[in-house]
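Heads up, the next two complexes both have chain A, just with different partners, chain B and then chain C.
Now for the complex of A and B:
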């Protein structure tokens, strides 16, 4: 009936963070972890995850200082107008950069498993159109879709992982933190996986839409921690089933995990199909939320009243970019750029803004 | 100049009355009656008197001296016996007490007759012509009395109607076998017969400029959300049409998403269903001349609930609910999934099955999609034909047509037997939907889904499913999200979703409706899963201990 602005419950916020964070990255995360940390790769996944949880906490604290505004508005207050606008542009770029890579990964998955000979324009085009249709809706509608899709994805992912545990050999996880397996010098190459964690800046955009902003910090931290738990569990499963040496050479450890499951007497021959469908929804939620957030950031920045206009305007660009990511190496490099952007935003920009906000607050208190 | 008359000075009360009348006439409620009988009757005759079924009965009755009167009513809409015995006979044979003073009060005689003479249960005084005409057209009898500017409207409604029968479209094995009929009053009375709560409100408004159809909004005042009731009423008030023949007319005007494929209102002709909905805090809209009642708000899943779900014990009810949700999935996806697997991903189904499918498709001249489309089309045509044909023929056509067509098509090698199985299963599944409206939606969606499956296999299907989900997530029925309680998840509402919890464990009314009174009467537990641990037998014992 009457349209309210604050419609998201804290449960939905947690799920939005889950849906936005868990996407294409998790499919490759275990092999990257294995490359750097060997059999104890899960420790690396867990440690980085906890580090990002800390950053998420800072981000939500910053957002709660301005419960009625998005980061586009308060960054201009804190940094001054020109720098603030520049910052918002960087943030929009950050959200935007997810979309082509998710599209590209989707195309790869579809081509290797469901439709081997489908042309790129068709797969990408359909995916981008679906995402644009979703992103042009309002946040409350999107939250509902995200809720249902990410629950399906997590449930199916968990189901497959648990079934795969029949091949789990604890010996594969040993030796624990062996020195000869840890190759920190490869960290630079594998930094591209950092973007698997970078979902929490979303909270700085959606806080004005949350029903009770004071509960947002719990929701954010819980969301980020859940992501870390999912990643760690998944990495442990993959490492335990395949062993670290094999994991390094797997390009899609998640699909391999599903293929390893013998699950007979069911109408489906291959279990990876179910996992794939669940993963389509996980990638979709990441893509559509990134799309929505990028459009929201830009429309707030340029004062466009309907973000749907920005959404449809961006579609051709996304199509062009996703088509230009021709092979694994190009999109890996793209992932690297996003990761650097992620690291800079999460550990430099947002904490810096938070400190500025605190200083400003203290000054105001003194002024009184 | 000799005819010139001086106007008699008016009494102050009369001046006041005239002013009020002028004011009302300006507001559009007039014209009003005058004190002269002849002019009133002439006016009425000019407006409705040209039809033969409008009866003007002149008569004279004797109070102190003879007074002229005219009865106006419509033949067929009124109960003749009531008019003869309680109006005509009462007036003409009334023995006036010679000492009584009231018969001498000529200007207010109508009021006095209402008080002393007529023994009809519902009589009102009216002076505005439009109201009087509407009343006459809806079956009341107007009594005009000479020298009075008010008319007596007596409720003499009575016409031929269908009795209360078992609802044909929503049959149930267990449960009351009564449905609504075409009489508004009888319908609201049936609801009130079940709910004897003083808070049950029946608000009647007239809709339709020409049909002036009575529409009743029925709700429980202490339970239903006031904003919801106000919204329903304001949406109904806004309707401007010629006539309302069926509640579907209203439905199209008041639903939230007029272009959506999904119905956002529920229609039913079962009394128990309406009563259950009102008890849950919904609003029912009962329309005259149709047995179909509108219920709002509604969620998507509720369209798949049958009234019977609540009359069986919970294990069976849960199983039935689950079966129905599976058949919903079948009726939407089964042909599309078959096409997707057969065309694009035969490697995903077990080897033996894939070989079987390929074997039966040997020599079929059509692509899978066309094959499926032809069969679906045949089924739809059969269905439509069996509805249109008179009773016994309809069934024959269904059986003969289905058997012969299917068998012949397979034997002729035009259609593969597996496709016949798929299509038949889909058709049967779609019959399980208790709501006809939602079954139609699935029938419409099935065809584009098959096309998508042919073109792009499982990938296209999942994309279209996501688009459907986005669309459905945006639908709200009077403020209630269409997909709730699944999303946004309301744990308390899940008691009545995939499973049906025992009745004593259904503590709360559905939270999605934001009712005033959340808790149903009768339990101390906070949540249905808490209540599950204390079945009623145990609970009573616990209560006794507390009292000690």
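Now for the complex of A and C:
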């Protein structure tokens, strides 16, 4: 790998993981968690998050075994060319699947709060064009944009969550782990929570661009843990303010939280709008990074020298798919599919590749 | 290079067209902002049809401005329109036919519902639209009106402000009155959906020229059960730890028939479950401080008053608390959230109880202790 390409600092890597992971999923996460784990839904969010942190650690360790290559290259070395190519295609599909859903959620947020009558072609079209323009740039430029946008979104989200604590009642988080509230049979329906943690495989594509690859494991684990902290705090805030029964009926608990905040300053009376506008930045960072990673995976797989070509070629398909996710229930179902893919990649594919890498390394050591 | 230039030109044109304004932007003077909504029963009801009277209050900006172009003091700076309908949407569509501006409910901050209409329709049916429309704020205040809600919308505020702001202030924390129960749409939804707690909403009625507040409506399963008096509402606020501050009048412990006014501003209520043999009871411990504010006799604060005054204030508060507990148990509505407390802290016991039947007879024991926090400006008469 050319040294000039190694431009990303550890802080940027952490923020890329935050920017990619935190997007649309968190807005619906507390409701899904409450439906499975009741008033202790935050425990579910925390436990799943810690599991994913473990998976992220395995993923970055795998990437560090091949510091000069992306997963597209080393998966072919480990699995053989045909299976490796197939695996890379699944990975490209994984990254790609985020883009239509993020676009569709963004459209819904714009329609429900800012521009109620704006048509799909206008909202989705402009969003996809903006994402495509961003994704056609290089990773260092994307990292800079991501740094600004995700920090703004997180600051506003934290501000709203802290203000909402004025309505927080600890009794809403009780009873703790009550058997009659835990509905594991709904796990299949609500597995969509996994979609909210799906960002860390990005490290297997961006490691060759990191200035100090040896620091990548710390950056990845810190990034994923920060996501866990943000999600858990947010879920505790929502459950503490609304209680379990109200939370399960809310489709956008994050927005409802902002709507219930009373901030005695006229200009900030509609905090939900401020949260919404800043959260579009968070959705954009997820979308644009997924777009970039999907295009990068495909361009490396098919030997296309400029990933920008793949980016623009994908735009019509993204538009078609985002427009076909016609309502809340449809895109939630799509989220379910991505979650299944996330679980398979995180807990089967990447650990399996890591084991293969370790076996290969030992064989090489014995050979010497 | 040329292609790149053309691309940027194309992008600039798109940006120029799309970024100058919002999609289908609507001018502010093309909108009629609804500030308050009222529900009543219509005077006449066609047979077999059940409809409510939906009224909206819309401010008239020109008449609100005052000065040369403003309206005369006799002219009201707002209009109240009404129509009968069976759903809120149908009512809004009917009202829209009378107005050349588009009705906008995003700034509605007050919903008034008459006692009669809650009895017939229930809150759930009336508020369904407001729960689902994204533009409605969870901070929108809701009150139950003793009498006609539309009449309250027509009250001209005594001090220059918009009528909805006037009523809103009366039922908001800034009213500073513990006789009011402070609630809003968000709090109502949370209480309604929770198990083991029933919602309460503030009461409003029309006085001679002003609106009157104080007291609260007790609701269960969306239906109106009964009223709490001003003093019962104050007791409820204490038991819910939502008490702001209030004045109490007690008899002077040294001189029978003389009155001492005390200000109570620091109260704390704690719940605890206790088991006595096979029965469970809820122990409610209320502790707080008061200060003396006015004496009807010529003496002022004296050290020898302490014990007797503390006893009298304690008894006064205990009496109010007992009254509200008796009222709630009589109505069969757990407005204190005792069931919710049981569910949180003793879920096993909660599962064994049929709370609907148990609550009216559930033993509640009160322990009140008030202390005289002496801040004295003047001793003697």
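Quick note on the criterion: the second predicted complex is superposed on the first by the 363 of 368 C-alpha atoms of A that agree within 3 Å, B and C clash if a C-alpha of one lies under 4 Å from a C-alpha of the other, contacts with A are read in each partner's own complex, and residues count from 1 in each chain.
Heads up, the rule we're going with is that a residue touches a chain if its C-beta (ideal position, glycine included) is under 8 Å from a C-beta of that chain, and two chains touch if they have at least 3 such contacts.
All figures in this text were calculated on a predicted structure; none of them were measured in a lab.
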- Where does A:273 make contact in the superposed view: on chain B (first), on chain C (second), on both, or on neither? first
- Item | Touched partner set for A:227, first chain B, second chain C, both or neither | neither
- Task: Report the partner of chain A that touches more of its residues: chain B or chain C.
- Result: B
- Message: A:112 in the overlay: touching chain B, chain C, both, or neither? Say first, second, both or neither.
- Response: second
- Query: Touching A:144 in the superposition: chain B (first), chain C (second), both, neither?
  - Reply: first
- Check the residue A:122 against both partner chains and state whether it touches chain B (first), chain C (second), both, or neither. both
- Message: For A:284 in the superposed arrangement: first (chain B), second (chain C), both or neither?
- Response: first
- Task: Check chain A for residues that touch chain B in one structure and chain C in the other, and list them.
- Result: 114-115, 118, 122, 126, 270
- Query: Within the complex, which stretch of chain A touches chain B?
  - Reply: 1, 9, 11-12, 110, 114-115, 118, 122-123, 126-127, 130, 133-134, 137-138, 141-145, 147-149, 267-270, 273, 277, 280-281, 284
- Note on the structure: Per the touch rule, the chain C residues reaching chain A in their complex are 18, 22-24, 134, 137-139, 186-187, 189-190, 193-195, 337, 340-341, 343-345, 347, 351
- Message: Looking at the complex, which residues from chain B come into contact with chain A?
- Response: 227, 231, 344-345, 347-351, 353, 456-460, 462-463, 466-467, 469-470, 473-474, 478-479, 481, 483, 486-489
- Task: Show which residues of chain A lie in contact with chain C when the two form their complex.
- Result: 112-115, 117-118, 122, 126, 167, 171, 174-175, 178, 180, 241-243, 245-246, 249, 255-256, 259-260, 262, 270
